[in-house]
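Listed after this line are the structures, all set down as structure tokens.
Presented sequentially are two complexes of chain A, the first with chain B as partner and the second with chain C.
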Partner chain A sequence: MLDNKGHPNRLGVWGWLGGGTWGLERYLYTLHRLTGLGLLLYFLLHIVVTSARAFGPEAWAASMGRVSGGVFVLGEFLVFAAFAFHASNGVRLILVELGFAIGNPIEPIYPYRTSVHEQRPLALGILVLAGLVLAAGGYNFLAHLSH
Partner chain B sequence: MTAPVNVTFRIRRYDPASQQPPAWEDVTIPYTHGMTVLDGLRVIKETRSATLAWRSSCRMGVCGSCGMFINGHPRLACNTQITELGTSLVTVAPLPNFDIIRDLVPDLRPMFDAHAALMPHLIRDDVQEMYEPTGEYFQTPHELEQFLQFSYCIKCGCCMAACPTMATDPAYSGPMPLAQSHRYNVDSRDGGFGTRKQVLATEKGPWKCHYAGECSQACPKGVDPARAIQLMKRQLVFDYLRLYKQPCPSKVVPKPTEMKRRADVPEAPAPTL
Partner chain C sequence: MRDQRLWTWHVLAGLVILVFLGLHMTIMHLDIIFGFFNPGDAKPIDWVSVVGRARMGFFTVSYVVLLGAALFHGLYGLRNILFELGPARGVKSALNVVLTVGGVGLFVFGAWAAWTAGVLARSL
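Entry: the complex of A and B
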């Protein structure tokens, strides 16, 4: 019986990107995590910025002035893009994790067809949906900037 | 791909006695027709580096011993043809997400511990019947289909190496143990869902899986652990909402007593032991 501990070989965060077969769903998995962290960061900053209102109208106006530049408009659009993807992919995950769109167990006969293949149309569908939401939001942003 | 004349194996070597971190070693050997990665490793061990260590046994994709990280993918070395890789450079490393014992030998004990913790066996009240059966547990072909796919697992660890959640979370049980737990949860002969649920409802359970799907893509036997885990989540959610009713474990069907042997089927030979 081996008692010594071996050399650590856990992939860490790199394992979110590599270590498997690099299928579409791995990228959706990783992007879902990254957009989730991005949205969380935005919410924290949002609370910090809007909390200036507690210190009076002048502090509120100064706070709003600091975040109204062009870079922040781009940042807001990125937040919107993250929302569009995260929400659309979240719907897919709710469906898949409740056992929908992944098919029933089958006898594995080579070449194997897995649940990943079964739900691929749904994955592509949510990408199209996220793209449509992003396009509509982008149009709105551009219209807002032009005024 | 046309067969190469020579193949270079880039092997991740690690000797625990040397106190040195793992390092790559290149070895070039002549290619022979039909050579698998496992065949290549055997040639290297016989002719170039006698200290090279790995696990293997059956050489036919059945035992699950030779899971390795080959050209960036978790695969069985015995099931992987050199020509299938499309290159004459074969990188071979131990399966990631497991500690390395030596060279290409991963420490699979955490996987088997997690497997055992999820009780991958029939749990029933009639213990006496299980140990001294008087008949067979009745099961329809449809009931068999609910778990047959998941029962093909050979515990090679390829799914655990491919899983991105396993890459950052040691507390997660992983695809293999969870899929095998589901295999018994949906077995009509089993009545242990309520017992396993106590473990599945913890951080060891399926809730950290967010369907990267890599385990199912990497599985060399088509077991589809991702499907098992999602179906398990549905079962647990429905159970939480009191919408799932655990069926009674199947009944014992007595052994037939009035069967007659067909004339063209000979008697079994006498036992030799």
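Entry: the complex of A and C
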């Protein structure tokens, strides 16, 4: 994390929530952040809830009973959706940060092209991937509900 | 320098999570499609399935690896987000302490649970 070197972060939280007129990737950034925080919140509770298995079958059943049905099924699906997106977009970020899929440096000749043009197919690709994972998960959730 | 190193670990942890959380999600939430590691008709969270996995050393190890990687990745990510809002130096130090102590505490607790569940499962 870089220090802001004395320049205040004037936009605060709004700066990372709003994408303004920036492109698709900027909205993916906001979504990556929200899904990351959502997964973290779930994960911290998940560590505590699933630790019940160390105390035997009754403790496990009681613990699972406390978090089953209704709103928890929806919550679980949202966690799965957050995973599908965060994992796919995370792979995109790692590729881009390592310098893959951003194109080669070119002369700045009008009309200018930015590396965003080169990156866009990757962004669309990971959205398709996340959609496929989500569809598989959605099918699985619905199949359980109808049992 | 220190932050660059921690960020590198953050990204590497992301890759480790990708592998082990991918497996975990496949087992728990794509069970009807793939049916991995769930005996018979049991649901992935039924006690028989939990015990079946807990008996395998592979799962004890992979849970502890996933626990450590996800705690570091998630809490370091949270630290980045909070530091970006430009808190005072004292607040930053306090956050470092809280996140480190909280993370290590949860790691020890979660690793203990994974280990104890393995011992319990093998004794049944």
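Side notes on the structure shown:
Going forward, the second predicted complex is superposed on the first by the 128 of 147 C-alpha atoms of A that agree within 3 Å, B and C clash if a C-alpha of one lies under 4 Å from a C-alpha of the other, contacts with A are read in each partner's own complex, and residues count from 1 in each chain.
FYI, contacts are C-beta pairs under 8 Å (C-beta built on N, C-alpha and C of every residue); 3 or more make two chains touch, one makes a residue touch a chain.
Just so we're clear, the structure is a prediction, and the values are computed from it rather than from any experiment.
In the superposed model, A:V13 makes contact with both chain B and chain C. When the shared chain is aligned, no partner comes close enough to touch A:A135: not chain B, not chain C.
Of the two partner chains placed around the shared chain by superposition, chain B is the only one that A:P108 touches, whereas chain C remains out of contact. In the superposed pair of complexes, A:T50 makes contact with chain C only, with no contact to chain B. When the shared chain is aligned, chain B comes close enough to touch A:V116, but chain C does not. When the two complexes are overlaid on their common chain A, residue A:A59 makes contact with neither chain B nor chain C.
By the touch criterion stated above, A:E97 is placed in contact with chain B and with chain C alike. In the superposition on chain A, A:R26 contacts chain B only, with no contact to chain C. Overlaid on A, the two complexes show chain B and chain C touching the same residues of chain A, namely 2, 4, 8-9, 12-13, 16, 33, 97. Residue ranges on chain C touching chain A, taken from their complex, read 3, 7, 11, 14-15, 17-18, 21-22, 25, 29-33, 43, 45, 47, 50, 54, 67, 70-71, 74-75, 77-81, 83-86, 106, 109-110, 112-114, 116-117, 120.
The part of chain A that touches chain C in the complex is made up of residues 1-2, 4, 8-9, 12-13, 16, 33, 36-37, 39-40, 43-44, 47-48, 50-51, 53-54, 56-57, 60-61, 64, 76, 80, 83, 87, 90-91, 94, 97, 136-137, 139-141, 143-144. The residues of chain B lying in touch with chain A in their complex are 14, 16, 21-22, 69, 72-74, 94-102, 106-107, 109, 145-150, 152, 161-164, 166-168, 170, 209-214, 216-219, 221-224, 226-228, 230-231, 233-234, 237.
Within the complex, the chain A residues that touch chain B are 2, 4-16, 18-21, 23, 25-26, 28-30, 32-33, 93, 96-99, 102-110, 112, 114-116, 119.
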